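We call the chains A, B, C and D, going by the order they appear; numbering starts again at 1 in every chain.
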């Protein structure tokens, strides 16, 4: 059954594989009249991977976006917007054994059972982090739509392994995140986080981390109770980012240990607007935005591809064997995950704005 | 837009309000041939609320399920299965001011903005915990379907406020959860958890907590990458349970602080079956089940209705006021949340079993 | 898989069976603020079946609508609107043999194969014309929404067997349709059409016919190309009305024999509005409304239940047998189909108005 | 809102415009393990347009299919199958005025109102017959899946203007359709139909027609009552083919003039299989297949682009003007529509086979 689409009104369908011809995306439901250039999308794709600092792996050639449809004379037309990136720097020989000898922590084993020998697991196939290209492309379009309503989506690396960033504000995130390869807004922690990653790398290991996000200036009432509540749709979207293992909104797991009198956000007036004194709800009440910033965190596991030899099972010979994972490895996925978390946030928000009637069918300057 | 349906193949649509005539549900996509009685569903509804121990609020009259369609001569027919519970013990006078003076932590304010004065907020309306009746009814049907494949869904209260349960196994959960009003499988913590709740209650306050779940004997390959990954759909479902603020699968947020060599689960053979030595993935790899138990945790905030006076804004007079929330209050939602977490787990699993072709259209003995 | 829902934004899910407890419907996506009373819906349900003239069968007791949710203090709330009609005048003994000996022209045989012996075929089960109650209830709500935009939906019986109505205008349909049991707007044909039906009835037979419809004052641009084109969604909806075998929009099958110069509608100005000189397109261009009336026809087969003995196969004994269909028979379904055609028209139009952003989330006086 | 997808389980999303870079399609839900080559798809695309006989227009260069994803080592992988055709032979200067001066019978006017000036109407944009490339590509994949179950989909031109084909059987359609540019199975009518088209062309006019289809060897029980009935989904799909104005299943509009005793199909046994003596139902009972051939007809209007001058309105200057449509014109769309009707039939059938559990997730030889 159809399962490769995110969103109902701003529906993002992705296709492609890591080592196939391309990674692509079709956005169905994009309003017409959005001023956008291929280079606007390229800018977001280009910043997907930090190219300095040596903390993540990167293909040699930069990913070049091509818009296939849906933009005409500099504006979206309202027809499906399709775009893709051709795969170029492919080294498939590294993955020949995957079908038979599933790598620990990877999708190989269930994929093999589910799709038979027909599945393309080269480079991680559909489960590669490279699939996030589709999210980033769609997110770039969505972000443009949000900008027209003054909504801003921010994220940064708040933890790498045992190194935790200090408290930062929106200005820090806006200003600092993309200035360092870790993509943390707490510049005092760049060095320690980098060391954490490089240390793991040296040991043939990997390390996890956490991305923190905030959405500024959301409208009130975004989100459709009960089942398409905004927090529910956000949680779903975050869990589609490869490696995500946990999601918190607002006070999150901390709420579990707290009292109502501590955790409730009292309302007050601020220049005639209804705001809350605190924001432990993370900007979401009953599945709908309160108008306060939407805040939360997404936890990412350490990448499963490590240089250390690991035990697995040979599915053909039905015996236990050892496997050493070859290919390019990311010692930490978190820096790459930052723009992806932003992207899916943008997608979900625009989807709900259209559903709520808060984004018009035809955008005009 | 349509938003009150959970699932695509086993599609659960809920209707009703807390103080309206009823709470109901329609299940579209239920296979035919499932042997089920109204009393099977009633049994799950009846255990929704712990009636002893005084740790949660309860309506006086027990909720009585009525099946409206889709069951004939003791078996599901394959047509939509509709069922409802009539609302009886209603005290609506407590909620007259809600529209004007939104309660901190509740959906009142965004609901007012989104739906205008037309929304029915009596008793929490669509945002009441009572809406979980629909989930529990559908979950009861889903659980019966899972049972035919030997799949078992378990949950229990693993934390209340600062009191954390010790490590428990599936046998403990199966045996202990519903024997105590806290619904914890760690019987050594029942007293401390009860004290935590009653203390908060005495202080006119409330307290949060955590529900832990495990699914035994899942098939391999359940879940549809990329966007309808099983973990993504589970996370979405958990966030639709009122009060949820965080979701973890497997090692969850802990994975953020760990190394790949610690977090990966190595494969091995166990009586010819492929299993993993550990289960930090929570039974999900690449959005698909690995065959290992599906495990995770859902954090719930302390209930927003507290007896203490709180500040809010009168939306008509546009001024800051104080509000004291009347009505029945739950000092802790977690014991009630345990069967609801189980219910949405069952729904999501059956939805994916049908989508994967692992549950047939016609079930036969 | 989920299949009992019509519409995406105004999503109508029906449940119930002909001889089960009830026939019901849930509307998800109804805007809040629509002024509506249970009696408004009852009025449409009450006129579903012509009670005079003896041309159709009717249960003795009138169908009484009960609204279960979604209306509060006289207005829709924006939450799912559920309503049902309890089944009362049931004579199930007539249908005992259906599973074994499928009636010609009925769903019995494929239903048996698809759902096993579990399906409830009493009174036609899910395939009964009685299921149109759900459509009529939802249509009554939808019609109210259309009325706020000045859109009017009309239909009438334009053919019964060999008797064809003359050309009629909207005024004739509005004024005449519900004054006669045939529901034709051409009052000069009531007698001949009635005779056609009663003659068939006397002979233990049945007769088919055609319903013609027109929608006045539609907005321009309703319909979502390519696959959710308005004509495509209308055709789908019409074919869900039991007994439908053909659908035409505008010039329909006649267009197949015509020339472009005859069939095209030239544009002109009328009091500053763009209109077309003719309306062979049936008000739909490229799947979108042109602003001209939406017109077309739906053909209905003669009811399959006839008193004459017919040949069938006993599915248990695997032998050819004769079957005589018992129970209440409609010698002609067309008079009953008129309000149902109107109802599904209303549903599809409102669905597309919401999708196009032409109907707001909150309706205000 | 998302609207460019056909099907739920075999979900076909199309993108592209007539004079944009390409026309493409993504199939989500294609089972893995289907043996298929790019050339298999190319074969269907290549026969889309009859290149002899001069009865339709054609771009000079043949459309070349490129598969972008979802096929690996000669088999489908189960991941989204994306494919496209690049647009090459484009003459856009012919369409400069479209936005201002809508052509009679075309989508120009409502598209302008719906999408603003942003819509790309060059060459008909999204409303071009060229969009059927996406249907044909997806249909080629679907046909391969049907073939594995022995299901065969056939269609042919049964009417052009006033010239009506005689009665033909499946063998005639299989053998004759693609041997002549009219694509009629009645070879005795090729000359007269050709004359009808060329006569219209000479007069600067166009002519309509009818496509007849039949599906051999369908399984019993395909189709999901009530709203996703097979006939409903087929009717929807046929109306998405540009120019369709009418759809009949089985006896169709003729049923409206008939008696039940004439129109019912009596059951009998044939070599142990349950069949019907006649097939006026068109192989569909209660929205489900009966196992008999699925038969029906789709009426197409004469193409709206004619050389004759026509009246329209200049939308900028708000005055009545005359327009002469330039560009390549098809004097008759019907020969091109034949493979498209087959394609959407294949798509809908496979969608329902997957939904019914009649097509497995993994196809094996």
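Simple rule for what comes next: a residue touches a chain if its C-beta (ideal position, glycine included) is under 8 Å from a C-beta of that chain, and two chains touch if they have at least 3 such contacts.
Small disclaimer: the values here were computed from a predicted structure and weren't measured.
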Any chance you could check whether B-C or A-B wins on number of contacting C-beta pairs? A-B
Where centres are the averaged C-alpha coordinates, which chain has the largest centre distance to chain A? C
Indicate the whole-number Å distance between the mean C-alpha point of chain B and the mean C-alpha point of chain C. 39
Chain A to chain B: how many Å between their CA centres? 26
For chain C, residue numbers touching 2 or more other chains are 1, 3-5, 8-9, 14, 114, 126, 355-356, 361
Chain C-touching residues of chain D, taken from the complex the two chains share: 1, 3-6, 8-9, 14, 102, 104-111, 113-114, 126-127, 131, 159, 161-162, 200, 205-210, 220-221, 223-229, 231-240, 242, 244-269, 272, 274, 276-277, 280-282, 285-291, 297, 299-306, 308, 310-313, 315, 318-320, 355-356
Can you check the complex and tell me which residues of chain C touch chain B? 1-5, 7-9, 11, 13-17, 20-22, 24, 26, 28-29, 32-33, 67-70, 72-73, 75-82, 84, 114-116, 118-120, 125-126, 354-355, 361-362, 364
Can you list the chain A residues touching chain C in their complex? 1, 8, 356-357, 360-361
